[in-house]
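What follows is a pair of complexes built around subunit A, which joins subunit B in one and subunit C in the other.
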Partner chain A sequence: MSTTSGVATGEFAQGKPPLDPGKRKSLHDGSGRKAAVLIAPTIVLLAIVILYPVISAVSQSFTKDAGLDPATGMFVQGGFAGVTNYKLWLLQDCGSGAFSCPPGTLGSQFWTATGVTFLFTVVAVSLETLLGFTFALVMHRKFKGRAILRASVLVPWAIPTAVTAKLWYFIFAYDGIANKILGTEILWTGDGWPPKAAIIIADTWKTAPFMALLILAGLQVIDESVYEAAKMDGATAWQRFKHITLPLVRPALMVAVLFRTLDTLRMYDLPKILTGGAGDTSTLSMLVVDQVRTGFNAASALSTLTFLIVFAVAFIFIKFLGANVTEQRAPKTKKAA
Partner chain B sequence: MATTSRSTSSHRGHTVTASGVEVVQHRNVPAAVLTYVGVVLICLWGLLPFYWMIVTSFRDVGFTFDTTPWPTHVTLENYTTAFSTDRGNHFGRALLNSVFIGAVTTVVGLVVGVFTAYALARLEFRGKFYVLGLILGASMFPGVALVTPLFQLFTNIGWINTYQALIIPNISFILPLTVYTLTAFFTEMPWELEESARMDGCTPGQAFVKVILPLAAPGIFTTAILAFTAAWNEFLLASQLGGDKVQPVTVAIASFAGAQPHQEPYTAVMAAGTIVTVPLIIMVLVFQRRIVSGLTAGGVKS
Partner chain C sequence: MFGKPGTSFATRKISFTLALAATGVLALGACGGGGDSGGSADAAKGGNTTGPITYVQGKDNSGIVQPAIDKWNAAHPDQKVTLKEQTDQADQQHDDLVQNFQAKNADYDVVSVDNIWTSEFAAKGWLQPLTGDYSLDTSTLLPATVTAETYNKTLYAAPTTSDGGLLYYRKDLVPTPPKTWDEMMSMCSIAKQNGIDCYAGQYAQYEGLTVNVAEAINTFGGSILSEDGKTATLDTPEAKAGLDALVKGFQDGDIPKQATTYQEEQGRQSFEDGKLLFLRNWPYVYSLAKTDGSSTVKETFGVAPLPGATDGKTGASSLGGHAAGISVYSDHKKTAFEFIKFLQSEEIQKDWLTKGSAAPVIASLYDDPTLVQQFPYLPELKTSIENAVPRPVTPFYPAVTKAIQDNAFSALSGSKSTDAALSDMQKSVQNAISGGQ
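For the complex of A and B:
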């Protein structure tokens, strides 16, 4: 699940079926049954690999770890744990009663990880949006050699994230080219701000072009005649940008931002390989994976929390920020009229 | 428009364009120059780090941190090191694993996806909204939320370090992508042809196979590229549910061991990275237009 999978989201946020086949309907009796047969394999696969694990994780998150009971020395099966596993993360309650897990334990890292995950998301997605928009405006202009440009921006997209991380790990090495060009001796994978900056730079490099392509596609559907009319009326370039481009490209922009936000919130490969979590750069996803080896139940609670956070952010985007994914897709269907 | 001077100058850089006298006839010269400055900067943005990887991959390991911007101390040794198994790296095997996992994932994902996309694009049925909702939810899902339960499940049934443990989750991950992209392509197709095939006596199945599938081939092909790229990139689940035997390249590169512990074999890793990336880059060069249309099929109305 990386940048590409983000594109697969889209329309379905609202109640109307967006894919009305339009003027050439083929409504026959029994098309419901046919549809069920055609769709069943997808549903079954998604149910096995996504629905079952989610239900299993939620139920696990309310279960106690099996193990030796300290009082009796007997081996006990888990049993209902209430919200103990959630208290571990949210309240830093590691079971000792004090509301502060000892430093070094995974429980103590929850809020740091949440903070750094949101830091990456806000900073990286903002940079990617600004750069992507600038790229898209340049790419939208008329010039020779579009193919070369299009191929160049697809290169960062095509390089696997694991390779991207290793490439920037080399660029940001102590003796590496970044320090040489800047004339600095920064430990980019050490402590403080450098590891965070390294991750944000690498992520922005890889995904700003992708953002540019989505925004460019939005720019390309704006009718040229609108600009011509505004020019006739004496609108300046800035006025045309502010009153035509921005409002008309906004729907495509919001969907692109939504995709990228959800992708950055679940970021794992890049920080894992680039910094390995040095300098408090462990994201929520990295924390879950570390916890899997320590205890399934606490890990289940943490992965459920991560899912809820991602879900909440998606909900806010769709509900309040107008990332109207339905509207975006609906007009694509040929209208009957 | 001074097409010739523009196209030649664009290969050499924007400074030449600035002196492209003929362009002056067009009324906004500064804008044209600015465009080319922007174009060159964007190309550098995309290509420079990639170029640096390739240059380093051909550089003798003793000159790893040489900063000469073109290849120096050229050697192929890094590529032999990348494939060497002396240090416990199994890059060659990982490469085959990735090809196998990617191919099976793509084929199964496409076959399953084609039927679902056909139903979504062509059939009216109740509950379509819920099907779409489930697929949307699946694509938004953080992969990490699956690691814990799947690790446990696969441990119980002895699937850890097997191909199916990596392939089945991968199929589910790319299914939303394939269904979504294919539905977008299918909605745009000339379905009148299907109906006329039916009039000529084809069964619905024959009409689909003989008329619709050939027409849909470009869209299916584009979807295949996107799906394969996604499967080729997968790292999280492969690193947790896989093992030495089924390890894909992403995991192999991330854990590449050097001659000594804690010594990063930068040049060999850059060689391995180049090998992993070049097939994808070739695909990008050949099919760039299709890829862009596939990537943006979901997000934008046309």
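For the complex of A and C:
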């Protein structure tokens, strides 16, 4: 479609009427060149800002980190590393075989960090979806003060994450509001489950409104008459929700869940400020930043791995999402045909 | 297009994933960028001439640096110094310096380095060794501040500010401060009688934990690294005694369990609220505890040097402080060298103390009667810094401090025994200094 319109514009721009097939072909080529020239700046820009850093990161990940020359005490370039940097993370191999990284090294934390990142993602996104859906359903109803409610629900989303994290840091302090209200003496930023719970609570508080907003947008495109028809047929509220709202809002819902999942997988600022990684709450991104300060090349390997993980999750999601979308659109196509 | 909506939609979705993923890579790729670490091959760049220079340091919160520079500029109109302020976050200052050194930026002539970064920058070949034409007279300085800036027996930066830990205590409850750790722990019954917590330092999982754990280990005669910085020395009875003292404090409740979430401020608040008998903290707490509206201990607290392991030996504080280093890429190193000497001069050191409460590096200032009158904690601070031990001097400091923090935190929060934590700490510190991974 875009090609045909391209040809049309090309001909029009050159002020020549459509001619015989031979001539037409050369014209087509000319406009193709023109298109290439027009697209070129974008391609070059993308190559500079995306392709170059990616290739550079991947190639760096196969280089050894600079080591000390024992004689001079100065750093010297590391040379080719093969897959050592990847073995450091995947096998926790600090040089003397698999799982040789002692606790306290970054290498020993890869799988813990991966686990905790996925834990945050699964729990927080589930909670956010549930809460977001509930908010959206409430905001979708017509009642007095709806505008104010909509605006106020968005407040947590509008606050910068760093500020949110600091707010919750004070709330979760030992002498903080959380312990006062609950009447407990939990060390929310200490060891064990509390720091994980603290991060999930803070993240859910912050991003449930985002979910609500995207889901609300999905709800608003559903035609009111569908509900009226269902009511006439005697469908209960639950049936209307299950058979009308849920399937029709699904595309919007899936996009919202996808966004949040990818966002949570790369979470950095919230846990960094709230717990600083205490109690095994270092996420993958925090591990990357810690490693950058110690050695760029191992950090490149880690960011490549993180990318692959995020990509795999996104891919699974899209496959799953795409299939459902196709299914839904299939009957429509038949009608159109 | 209407013919096969399913596929085209799916394809579009997939390319959407690719775009999203690419954005992710972009962000990650940016982290991995610029892995070039100069090394010794880069020595002898820039120039040994005079001329205008730039002094780079973290945000000057007390406003004492610009006045000093103005003074310099008035006296040296043809060698003007410009101040470049970084953020007030130490990590960001570090990363900013690294980036500018990697870019061989000649505009960063004199840089202020936290004493834990000096050996890293030195080993990367970014700091001008202070030898030959640049030899510095360090005889008037507190020795620990010089050790902290010395890597491979070479001085790489000129100490400009110092800092040491102090023991804050409630003189209404404890008339004479404890001299030893055991004495202090035995006084915890007084805290119990008064229904308050006994002792706290900084035990949250961050740099402060390294400071406190290193203090405990050094106080009990242990060390983290050997003198040449090439071996970890944590598998000793002394190191165990040090870490054990803290672990036992937590087990007995003499150190409250919430102290594993304490940074400097939480401890200070607890002490100012009258809920803590002893507090290990930096000198900045002194004036706040005296003047804060919410402080309930204004007239009832005192300061003492940190308690030692045995009588007659003061505790070994970890050393804080900054130094000024000359970038090897500077074109005007002669001016730069004169300027760092100026920052170390008695005049500026005195100014910075009186106007910004910055602990000086010149030993004699601590005995100046007028200064002591204004800052009554100076004699104790001098004792503290005289007995201070720099945190491990190694180019692999970030990995070393991480190894200490993670394992010490497990020990203090009770999820690991002292022995297991120390043995893991020994292995991970050794791993850190022998490769950087």
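One rule holds for everything that comes next: the second predicted complex is superposed on the first by the 257 of 337 C-alpha atoms of A that agree within 3 Å, B and C clash if a C-alpha of one lies under 4 Å from a C-alpha of the other, contacts with A are read in each partner's own complex, and residues count from 1 in each chain.
As a working rule, a contact is a pair of C-beta atoms (placed from the backbone, for glycine too) under 8 Å apart; a residue touches a chain by one contact, two chains touch by 3 or more.
Given the structure is predicted, the values throughout are model-derived calculations rather than measurements.
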Check: What is the contact status of A:127 with respect to subunit B (first) and subunit C (second): first, second, both, or neither?
Finding: neither
Check: After superposition on the shared chain, which partner residues are touched by A:178: those of subunit B (first), subunit C (second), both, or neither?
Finding: neither
Note to self: As a test of reading the superposition: which chain, subunit B or subunit C, is in touch with more residues of subunit A?
What the structure shows: B
Item checked: Touched partner set for A:200, first subunit B, second subunit C, both or neither -> neither
Margin query: A:304 in the overlay: touching subunit B, subunit C, both, or neither? Say first, second, both or neither.
Written below: both
Margin query: I'd like to know which partner A:165 touches here: subunit B for first, subunit C for second, both or neither.
Written below: first
Checklist line | First (subunit B), second (subunit C), both or neither touched by A:288 | finding: both
Check: Same subunit A residues contacting subunit B and subunit C, which ones?
Finding: 1, 49-50, 53-54, 56-57, 60, 173, 175, 262, 266, 288-289, 292, 296, 299-300, 303-304, 306-307, 310-311, 314, 329-330, 332-333
Notebook entry, point to check: Considering the complex alone, what residue numbers of subunit C touch subunit A?
Noted result: 1-2, 5-7, 9-10, 13-14, 16-17, 20-22, 24-35, 37-40, 91, 94-95, 123-125, 151-152, 204-206, 230, 257-258, 260-261, 266, 269-270, 395-396, 398-399, 402-407, 409-410, 413-415, 424-425, 427-429, 431-432, 435-437
Item checked: subunit A to subunit B touching residues, read off their complex -> 1-2, 4-13, 15-19, 21-22, 24-27, 31-32, 34-36, 38-39, 41-43, 45-46, 48-50, 52-54, 56-57, 60, 134-135, 138-139, 141, 143-145, 147-163, 165-171, 173, 175-177, 180, 205, 208-210, 212-214, 216-218, 221, 251-252, 255-256, 259, 262, 265-266, 268-269, 272-273, 284-285, 288-289, 292, 296, 299-300, 303-304, 306-307, 310-311, 314, 328-334
Notebook entry, point to check: What does subunit A use to touch subunit C in their complex?
Noted result: 1, 49-50, 53-54, 56-57, 60-61, 63, 65-70, 72-77, 88, 94-95, 101-108, 173-175, 185, 187-192, 262, 266, 275-279, 288-290, 292-300, 303-304, 306-307, 310-311, 314-315, 317-318, 321-323, 325-326, 329-330, 332-333, 336
Notebook entry, point to check: Taking the complex as given, what residues does subunit B use to touch subunit A?
Noted result: 3, 6-7, 10-11, 31-32, 35-36, 38-39, 42-43, 45-47, 49-50, 52-53, 56, 64-65, 67, 112-113, 115-116, 118-126, 128-129, 131-153, 168-169, 171-177, 179-181, 183-184, 187-188, 191-192, 194-195, 226, 229-230, 232-236, 240, 249-251, 253-254, 256, 264, 266, 269-270, 273, 276-277, 280-281, 283-285, 288-289, 291-292, 295-302
